[in-house]
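The two complexes that follow have chain A in common; it is paired with chain B in the first and with chain C in the second.
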Partner chain A sequence: MTELDDLIKHLSMLPSVGPKSASRIAFFLVGSQKGFNESLSRLIGEIKEKVFPCPICGSYSETSPCPICSDPGRDQSLLCIVEQPQDVLTIQSIGAYNGLFHVLGGTLNPLEGIGADKLNIRSLVERVEKGSFKEIIFATNPTEEGDTTALYIKRLLERKGDFIFSRLASGIPIGGDLGFASRNTLMRSLRGRTTF
Partner chain B sequence: MRFLCVGIKDFRNLKTDVIETDFDQVVLHGRNGQGKTSFLEALYTLCYGASFRTENPKDMVCHGKEGFQLWSLIQDSAGFQRKIQLSVVGSKRSLSIDSRPVYDRKDLIFLLPCIIFSYDDIMIIRGEPDQRRDFFDRMLLTLDMEYLDDLRVYKKTLKQRNALLKQEKPDMDLFVVYDMKLAQSGSRLMKSRAAAIETFSKGFSELYGTIADDKRKIEIVYRPSWNCLDEDEIRSVLESSLQRDLYLSTTTTGIHRDRIIINDQDGLFINTASTGQMRLASLCLRSAQAQYFKTKTGLDPVMLLDDVLLELDSGKRALFLDKLNLKGQAFYTFLPEEKYFSGKKEGRCYYEVEDGSLKRMENGSQV
Partner chain C sequence: MTELDDLIKHLSMLPSVGPKSASRIAFFLVGSQKGFNESLSRLIGEIKEKVFPCPICGSYSETSPCPICSDPGRDQSLLCIVEQPQDVLTIQSIGAYNGLFHVLGGTLNPLEGIGADKLNIRSLVERVEKGSFKEIIFATNPTEEGDTTALYIKRLLERKGDFIFSRLASGIPIGGDLGFASRNTLMRSLRGRTTF
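Here is the complex of A and B:
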């Protein structure tokens, strides 16, 4: 195997990168400007040392605790539970949420051997016990596993106090047209309709 | 609703070709093993994104090829021309409607519903209970998006629950969540099955009585595994059977254990029926399915009839086709010596199928 083949093989292991994209990236790197590859490889090499999970919420951070957990200006009564660290960035980017986060690191999936012990669930329960949360927002994905995990955690937290539990709404997108909505989206929207 | 033309590449033993199909009746003649059923399978696969013969798309790939492609111009229920494209390469299936990718087969199955009459349908009558459950599930999910959604949730939850049952130290709290989900989706599915089977049974019984010349009155009876519809009661049933489920490492109650029985006045129909009567009953099941579909939607599904008139005498054949009351598009396959349809008729087209090639014939009698 040549060096180039080896590079393509490694790149194609990245998420959403197939062999064709990996090959394109590899050839780009071969012809890139001087210094770019060195800079990129240094950043990749140091990323795991400089970015690590926050000991409180599990989101990736360069400080311990992360800037969100250590910000006293945030609403300490709101806790949003997400599956992955990148979900924190997504919700943060809309600028409409000012509470705290907790990253589970995945969803319950017995078929793949993922139980509660492999997710940040124990730390969540301890955090909720000690914290001053009033509302728990489930922002797990609207999949079977996401729903199951939310229901499971709700059941655990119900024993710990009197919280308001909420779930992200799902359905017709803002500015969308009913005619263009998929049947499934429309059906879910009808099932999850709210009073008006 | 109809297929206007169909394109095929590397599918089973069929030769790469574009077949004109814009006719009310398309009649395929040919010896066994030439590709008649494969052509119907291609049509079915375009309608539902999956085959009626195999669960593994790789089985449909022509020997020595890496994948297959199917496409079709169709006319939908509103009269608009649409284009369906399906390709399978390795284990990857790509589907598009009007050149837009479709990621869930759900978006396809309501576009051009079809009903396949197959020689193996007799297994719905005399086979294991799961074959009758599967028949009704497939029928209902083409009519009701909620049924399809609930069935998916139920099956997925059941798999996860069974995986949890097999663990050495299962998380008991997780059973409560899975039971809740099974009860919720299962209860809705039970209600749909019960209502559909009650209506369906009447139509089926009438059809069989008329066509079979059999004085027995047959009916379809639904025997659900759970004897309650209330979600809380279902959860109690699941909870009380948990120890047994843990011992057996499988979920022993639920809609996946429902029984759908075909009875005559003396008991099980299959205990006394001849093979001919069972085959006729299976034809009546499909016909009743078409009638049920028409009643619920007002639409005529595309009918795919694969060698099914073979065992009917001429009187029963005429009666069967009369009762089937075909108003939509229909595809028939016949052996060369079967001249059920011959001669020119407006809206009818004949193809001779030989070695995977479909050759248009001017007149069926030339075959």
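Here is the complex of A and C:
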């Protein structure tokens, strides 16, 4: 295999990069500035040393604990549970949430051998026992796995104290079209209807 | 700027990688195997040394001249002119062309200051003068720039010998729908209609 084929093979293993994009990127790199390739190469080579899971919430960070966990200005009574580190970024980007986060690292999936021990659930329970949380918000994806995982964790945490449990609303996306919504989405949006 | 932000910024400069894909890839790299990141980093860092333009046809290669130019088994009477090195791969992948290639490196674009001197046109003229080509196939894109560039080169080469000039057929894509074809595509496919 040539170096170019090998590069294309590696690039096509990245998420959201198909075989056509992989060759387009590889050809771009052959023709691009040497300095750009050197920076990109260095950043990729070092990223795992520079960025690591926060020991408290499990989100990716370059400091330990992460800036969110170590910010006393955030609402210490709110905990938002998400599946992946990038979900923290997504929620942070809307600028409307000022509580803390906990990253599970996935969802329960017994068929693929992902049990509770493979997720950051034990650390979550310990954190909830020691913390001063009042509300626990489930922001797992509205999928069967996300829903099951949220329900499992809710049952665990219910024994640990008197918390308000909530979850993100599901429904028709803003700007969306009823005709394109799935039956499940419509059902969920009907059940979760709000007065106005 | 953190290392993660810097990595996302670099990744989003790659072709066909938008800001959302760039963060998805960056998070994937934080969580992936160290060995994978090291290989990818090395491949990106070295690719410009390993892969370079063939001095004859301008296509990217890891040998000089490239395997196509140095293959005596290919039809030395056929020359296919393309815009970019990846176009050589695209045409090679269908396995139906056995002639030689010439890569222009772009199209004429006076508004952006891309004149004939910025493209591999001089080397093309010299190659055609010295070679034994009978047919010259234009495989530039069916865009205004591609068409103009093909016409410009055709006029240059007409003075150099008695060649057959041809171009790839344009028309409705196989599996396509007349209703989705643009007026120009329909006009081109009508003019280029074939008997059956």
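Please note the rule applied: the second predicted complex is superposed on the first by the 182 of 196 C-alpha atoms of A that agree within 3 Å, B and C clash if a C-alpha of one lies under 4 Å from a C-alpha of the other, contacts with A are read in each partner's own complex, and residues count from 1 in each chain.
To be clear about the criterion, a contact is a pair of C-beta atoms (placed from the backbone, for glycine too) under 8 Å apart; a residue touches a chain by one contact, two chains touch by 3 or more.
The structure displayed is predicted, hence computed values, not measured ones.
Of the two partner chains, neither chain B nor chain C is touched by A:L168. When both complexes are overlaid on chain A, the residue A:K50 reaches chain C alone and has no touch with chain B.
Shared-chain residue A:L151: touches chain B; no touch with chain C. Shared-chain residue A:A181: touches no atom of chain B or chain C. Once chain A of one complex is fitted onto chain A of the other, the partner contacts of A:G115 are limited to chain B, with no touch recorded for chain C. Partner contacting the larger number of chain A residues, of chain B and chain C: C. Within the superposed three-chain model, A:L29 lies in touch with chain C and out of touch with chain B [touch as defined at top]. In the three-chain superposition model, chain A touches chain B and chain C at no common residue. For chain B in complex with chain A, the touching residues are 104, 106-107, 110, 145-146, 149, 153, 156-157, 159-161, 163-164, 167, 170-171, 173-174, 176-178, 180-181. Only residues 2-4, 6-7, 10-11, 13-17, 20-21, 23-32, 34, 36-48, 50-52, 60, 62, 84-86, 89 of chain C touch chain A when the two sit together in their complex.
Put simply, chain A touches chain B in their complex at residues 108-111, 115-116, 144, 147-148, 151-152, 155-156, 182-184, 187-188, 191.
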